[in-house]
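First chain A sits with chain B, and in the next complex the same chain sits with chain C.
On to the complex of A and B.
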C-alpha cells in the first residue's frame, strides 16, 4: 500500500513538473513583448524594465524555471500585475474558497441524485425508467455549462425571484441565502454530471449484481436489501468514486463559462481573467493550483477505491499510468 | 478494415508490407466485414442513432447551404418598407425567432451560424484522432520508456481542464482560427492516445499478435496491419465522442470571446455572448435560440456516439 501511494505521488510530481515547465514557457513563447502587453503601450522604459524583471524575462528559461520551482516550494508567486500589492497566492486562495463552496454545495446535490438515479436504472434495467434516466442524462451532459446556464436563467431566474441571477451572495449573508444563490449554478452542474455519474453507477451496480458473490448471497437466501447493503453497494460505487475523483479538477477550474454567466468569483473566472490581462503570476498560481487539486482528487479517489476493494490496489499498481 | 478510416500516410506505407503476406489480412477482412454489416444493421435500428443523425444532417445542410433554409441576410438588419429597423422584435410574424439588439434576424443568424462550428470542430477532431491513434498505438505496442515518457505528457495535459488549457494556448499564440484548430487537436490528442493505448495493450497480448511476431513481421506491419484494424471500433467511438467535445469547447471559447471571430459574423457562441445579459430585461430570444442550437448539435453528436458504441459492443 505504501509503495502504491509513493509511486502515485512520484508520478504526480513529474506531471506537476511538466505543467510547471508549460506555465514557465508561456510568457516566453507568447508573440510580442509580454512586458509591453502588461504595462500598456505608453509605459515608461523604467516600468517596462520593472515588469521584465519581475517576470524574469531577461533571465534564461532555466533560471526562470528554477525561480518558479522555488516559488512552488515557498508558495510565494509574487504580486498580481493587475492588482498591485496583492499576492497572487492570496487572490487564488480567495477564489479557491469560493469555488470550494460551489463545488461542495453542488456535489451534495448532484452525487445523491445521480447515484440514486443510476441505481434505480440498474434495478429497472431495460425498462422505460432505465432508458429515460440513461438517455436524458446522456443528452444533458453534453450541453456546455454556459448554454445550460443561460437557459436556466431564462426559464427559472427571470420568472421566479426565488432563483438568483448572480451566484455570489452578498457579504455577511446567512448560509441559507448563500445556498439560495448557489442553487442555479448547482442545477447546471447537475445537468452536466447527472448523466455521467448515473451511468457509471448503473454499470457498476449491474456488474456487482451479476457478480458471483452477489449471486451466492442471493442463493443463500439473504434478502435483497441485505445483499444490496452488504455486498453490492460497496462494489458498485467504485467506478462512481473514480469518476468524481477525475472530475474534481474540472469542477474547480473548468467552470469558466458557468462562473461568468452567474458572475461568480471562482477559480475558473480568475484564471480566465488572468490570461486575458496577461497577469502571469496570477495565471501560473491558478493553473498550478488546479493541477494540484486534480492530483490530490485522483489520488484520494484511488485510495478510497483501494479501501473499498483491495483487488483494485493490485490492478492500479500494474497499470502504469 | 475500410481504407477511409485509416490515416492516409499509414495506408500508403503499409501497402508494401501487406504484399508479402496477402492471404492473411484478406481472410480476417472477410469475417470482419460480416461483423461490420451486422453492427450497421443494429445501428440503423437504434432510435437514438436515427434522431441524432437527423439533427446532425439538418445542421450539416444548414452549414453547407444556409440560403436554402433562409433567404434573410444574417448580418444586415431587417428593414421595413419605410426603411425602419425592428430591434428586439419578439419571435413570431416575419422573424420566426425574433430580431436581436440591432434588428438582425435571429433565425437567419442561427442557420448561418452552423457553418463556423461545423467546419472547425470536424477538422480539429480529425487531426486529434490521427495524431492520438498514432501516439496511442506506439505507446501501447512498445510500452517501456517511450510509453512512460508519453504517458506523463498525456497525464499533464489531462490534469488541467481542457477549457483552461485551450484558453492558455490561445492567449499565448493568438486568437486565430488555425491556432484554435491546432489547440483543440493537440489537447484532444491526449485522451485519444490514452484510449487507443489501452485498447492496443489489450490486443497486443492476443495470440494473433504473438504469432505475427513469431513469423518475424516488422513492428510497423504488426501495428498497422494487425492491431489497427482491431482497434478501429474504439477509434470510431472516440471520434464521435471527441467531436461532441470539440463542439462543446469551441462554443465555450466563442462565448468567452477568444474564438477570434468577427462578432458581426453569425456564430452561436458569439451570439449568446453578445445577448445573454439582456435575458434579465426579458429579451431572451437572441440568446436562447443559438443556445438551443448548440445544445441540439452536441446532443445529436452524443446520441450518434453512444449508438455506435452500443452497436460495436452488441
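On to the complex of A and C.
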C-alpha cells in the first residue's frame, strides 16, 4: 500500500510538472499585456518597460519556468499584480479556506441525499419512485449552476429572510450563521450533483443487489436488511466514491458561476478574476492549487476504494502481491 | 443408491406439483414452466437435465422459492419436508433456507462476496443458526475441513479472488452444508470447471451425501454428470418434464424422442467421425413464452403424428420402476432415425502442411520469465485433426495464439508452412501465410462485429484473405455461407439476431473464407447446447472431408476430442506430455497425466471408472516444478529421478510420443470409459 501511495505521488509530481509548464506558458501565449493593464492605458512606453521588467515578463520562457519551479518549492509565488503588496499564495489560501467551507458543507448535504436517493431508486427499480428520482435528478443537473442560483435567489432568498443572498457570512459570525449563508449555494450544488451521484449509486446498488453473491446471502436465509448492510453496501458504493473523488477538484476550482452569483470569494472566482485581469502570479498559484487538490482527491478516492475492495488493493499494490 | 422409491408427497424432501411459472417481460407473462411435477425422497439424488431455456435452473431456484423479480408462480405447489413453500411468509421462508435447504451455484467465483473474507462468509451461515461470532468461526473452520480444502486456516483469511474456482466451489458447498440440510440443490455445480476439478467436486458431493443423507436435486446439462451422480433423472424440455426414471432406464433405454435425440447428439461409446455423424435435432429450441399448447416437442419430433399437435400427450408408464414418458407414441421410439453413417472414407494425407518446430514462448511478467510454452514439436498433415487437451493454464490457447501469429515464438522456434518458415507475427506474415492459418473462437458473440450484417462480415473476410472485391467477393461470400448451411435470409441479419449455433457457423464461414490450410478451433462448441454442438461438429467434419483442411481442435470435452481428432496432444504446464493417434491414446499405454485426465470424465454410458485423483492445482508456469513438471501430482513418481531429471521423450511405438521416466511396460493403460458398441 505504501508503495502504491509513493508511486501515485510520484506520478502526481510528473503531472504537476506538466501543469507547471502550461501555466508558465499562459502569459506568453495569452493575448493582452498585463503590464498595460497594471500601468493603465495612458502609461508612457518607459513606464510600461519598467513594469514589465519588475514583473519578469521579459525573461525567457526557460527562466520563467525555473523561477516558477522555485516558487513551487518555496511556496512563494510573488505578489499579486492587481493587489500590490499582497502575496499570491496568501490570497489563494484565503480563497481556498472559503472554498473548503463551501465544499465540505455542500458535500455533507449532497452526498447523503444523493446516495440515499440512488439506493431508494435501486430498491424501487422500475416503479414511479425510481422514475421520479432519476428524472428529477436528470432535469436538475441539466440546469446550469448560475441559472439554478438565480432561480433559488428569486424564489427563496427574496421572499424569506432566512435564506441569505450573499453566501459569505460576515467576519466573526457563528458557525450556524456561516452555515445559514452557505445553504443556498449548497442547494445549487445539490441540483448539479444529485442526478449524477444518485444515478451512479443506483447503478452500483442494482448491480450488487442482482449479483450472485447477494443471491447466495438470501439463500443462506439472511434478512434483506442484513444482506444489504453486509453484502450490498460496500460493493455498491465503489463507483460512487470514484465519482465524488473526481468531482472534488471541480467543486473547488470550477464553481465560478455559482461564486459570482452568490458573491462568494472562493477559488473559482479568484482564478476567474485573475485570468480576466491578467494577474499571472495569482492565476498560476490558483491553478496549481486546484491541480494539487484534484490529485489528492482522486488519490483519496482510490485509497477508499482499495479499503472497500481487497481486489482493488492488489491493483494498488502494483501487482507485487 | 438406486433403491426404488415411493413418491408420497408428505414425506418427500421435495415435491413439486404441477408448477407453472412465467417471467413477466414488458407486462406480458411468458411461460417458462408448464406444469412441472416431480419429487425427491430423503437421501435420494434426483437429476434434472435439458438444454438451455428448458426451465431446469428456474425449477432449481423455485425449490427454494427464489424467484427473479419478474417471476410469477401461476399454478401448482412446492412442498419441502412437509412444508408448503408457496404459502410461506418471508420470515418463514428465511427460516426454511437457513435451517432446511441449501444451494450450490454454477459460478462459485461470482457466488462469493468479493469484499469479504472467506471465513466470515462461511461463518455467516452459522451465525444465522444462532451461534456466536466465535462459535461460528470455529464451525466455519470445521466446515472447511469437512470439504477437504487444503490449508483451511489460511483459506479462512483469504478473499475469494485468491482462490481457484474448484476451491471456491468447496467453500460454497461448506456453506451449503452448515445447517445439515434435508434438501441440497446443486445448479450446474461443475460447469466451467476443469474435468479434473469437476471430478473432485463430484466425488466430494458423493462422499458427503453418504454422510448426510440429504436429498439432492442436481441440475446439469452434462448427461455424464447426471448419470454418475443421480439415482433418478427427469429430462426437461420447454418447461415440462418429458421423461423420468432411473438413470439406467432413461439413458440406456430412452423412451421419449427428445431424450433419444439428446443422447444421439453426443459422441457415445467411443464413436469417431469416421463411423457416423452425430444427430443434430432439427429445428431450434423453443423460446421462453412460445405457445406450445400440446406436446412441447411436436415441432421437432421425427415421429409426430396429427394427434401430437391436437392433444396433450399422456404420461405413459414404461416399467414398474417408475420410468415414464410423456408421449403419444412411445411404441414408435425405435422409428426415431439413427444418425447417418458416414459414406466417404476419412483419410489423412501424408504431406505435412503446417509444422510447429521447437516452439517456445516466454512471457516477461514483473521482471520474471514465464515460460508458457516449452519446445513444442508437432505437425499437421493434410485433412488431419489434432486434438489438444489439458487443464486450464496448460498453455493450449497460448499455442493457438502462437500458431496464428498473435504472439511471436521465442528465437529458435519456427512455424512452417509446407516446409517454409513463417514470420512470427501475423502482421509481418505474407498474405499466403495469414490465409493458411485461421481461427474459430469459443465465443462467437465477441468474435463477430455486432454492428455488421453477416454479408458484410463474410465479404470483408473474403476481400482480406483472397483479394476478391465487390460482386466477386459477394458471390464467394454467398457460396461459403451456403456451404455452412446458412440461408440467404441469414446474410442480411446481424449477429445478435442469430442463435448461438448460427453465429458459430458465421464464425466458421469467416475462417473458411480464404480456403485455409489449418483452422485453429479453440473450444468452438463449449458455449453451445449439445444438439447444436452436434450440428457444428458434423459441419466441421464434413468441411474437412470436402476441403481437406486440417484442424487444431482445442477442447476440454474429451468425448468430443475423441470423436473428431485423428491425433491427440496432451499438454501440461506448457509442455506436450504425450502425442499419439486417438486409438493409441485410448488403448494405451499412456502418460500418467493422460490416465488421470481420461479417468476424470463422467460418462453418460455409465461404465464404472476408477478415477485417478489429481491432488492440488496445476503448477504455475512461472514456477514449474523441477525435473518432470508432473511429478508433484503423479502417483507413479520415482523418487530421486522424476523430481530431479527432466524426462526425455520416448517413442512407445508408431510415433506415439510420451514424456515420462517410467519404462514403457510400466506406463498405465487408461480405464476404458465406454464399451465400444
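Convention: the second predicted complex is superposed on the first by the 293 of 321 C-alpha atoms of A that agree within 3 Å, B and C clash if a C-alpha of one lies under 4 Å from a C-alpha of the other, contacts with A are read in each partner's own complex, and residues count from 1 in each chain.
In the analysis below, a residue touches a chain if its C-beta (ideal position, glycine included) is under 8 Å from a C-beta of that chain, and two chains touch if they have at least 3 such contacts.
Keep in mind that what you see is a predicted model, and the values were worked out from it rather than measured.
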| query | Where does A:261 make contact in the superposed view: on chain B (first), on chain C (second), on both, or on neither? | reply | first
| Thinking of the overlay built on chain A, is A:123 touched by chain B (first), by chain C (second), by both, or by neither? | neither
| request: Quick one: classify A:218 as touching chain B (first), chain C (second), both or neither. | output: second
| request: Please work out whether A:309 is in contact with chain B alone, chain C alone, both, or neither, and reply first, second, both or neither. | output: second
| So, A:4: does it touch chain B (first), chain C (second), both, or neither? | neither
| task | Classify the contacts of A:163 with the two partner chains as first (chain B alone), second (chain C alone), both, or neither. | result | neither
| With the two structures laid over each other on chain A, which partner does A:296 touch: chain B (first), chain C (second), both, or neither? | neither
| Looking at the overlay, does A:231 come into contact with chain B only (first), chain C only (second), both, or neither? | second
| said: Identify the residues of chain A that lie in both the chain B contact region and the chain C contact region. | reply: 320
| remark: Residue positions on chain B within touch of chain A in the complex are 48, 143, 147-148, 151-156, 159-164, 167-168, 171-174, 194, 244, 248, 251-252, 255-256, 272, 276, 279-280, 282, 284, 287-288, 291-292, 294-295, 298-299, 301-303, 306
| query | Across the complex, what residues on chain A touch chain B? | reply | 11, 14-16, 18-19, 22-23, 26, 29-31, 135, 138-139, 141-148, 150-151, 153-154, 157-158, 165, 249-250, 253-254, 256-257, 260-261, 268, 271-272, 275-276, 278, 283, 287, 290-291, 294-295, 320-321
| message | Looking at the complex, which residues from chain C come into contact with chain A? | response | 64, 66, 69, 94-99, 102-103, 105, 107, 110-116, 124-125, 128, 159, 161, 172, 175, 366
| task | Provide the residue numbers of chain A that touch chain C in the complex, in ascending order. | result | 125, 211-213, 215-223, 230-231, 234-235, 308-311, 314, 319-320
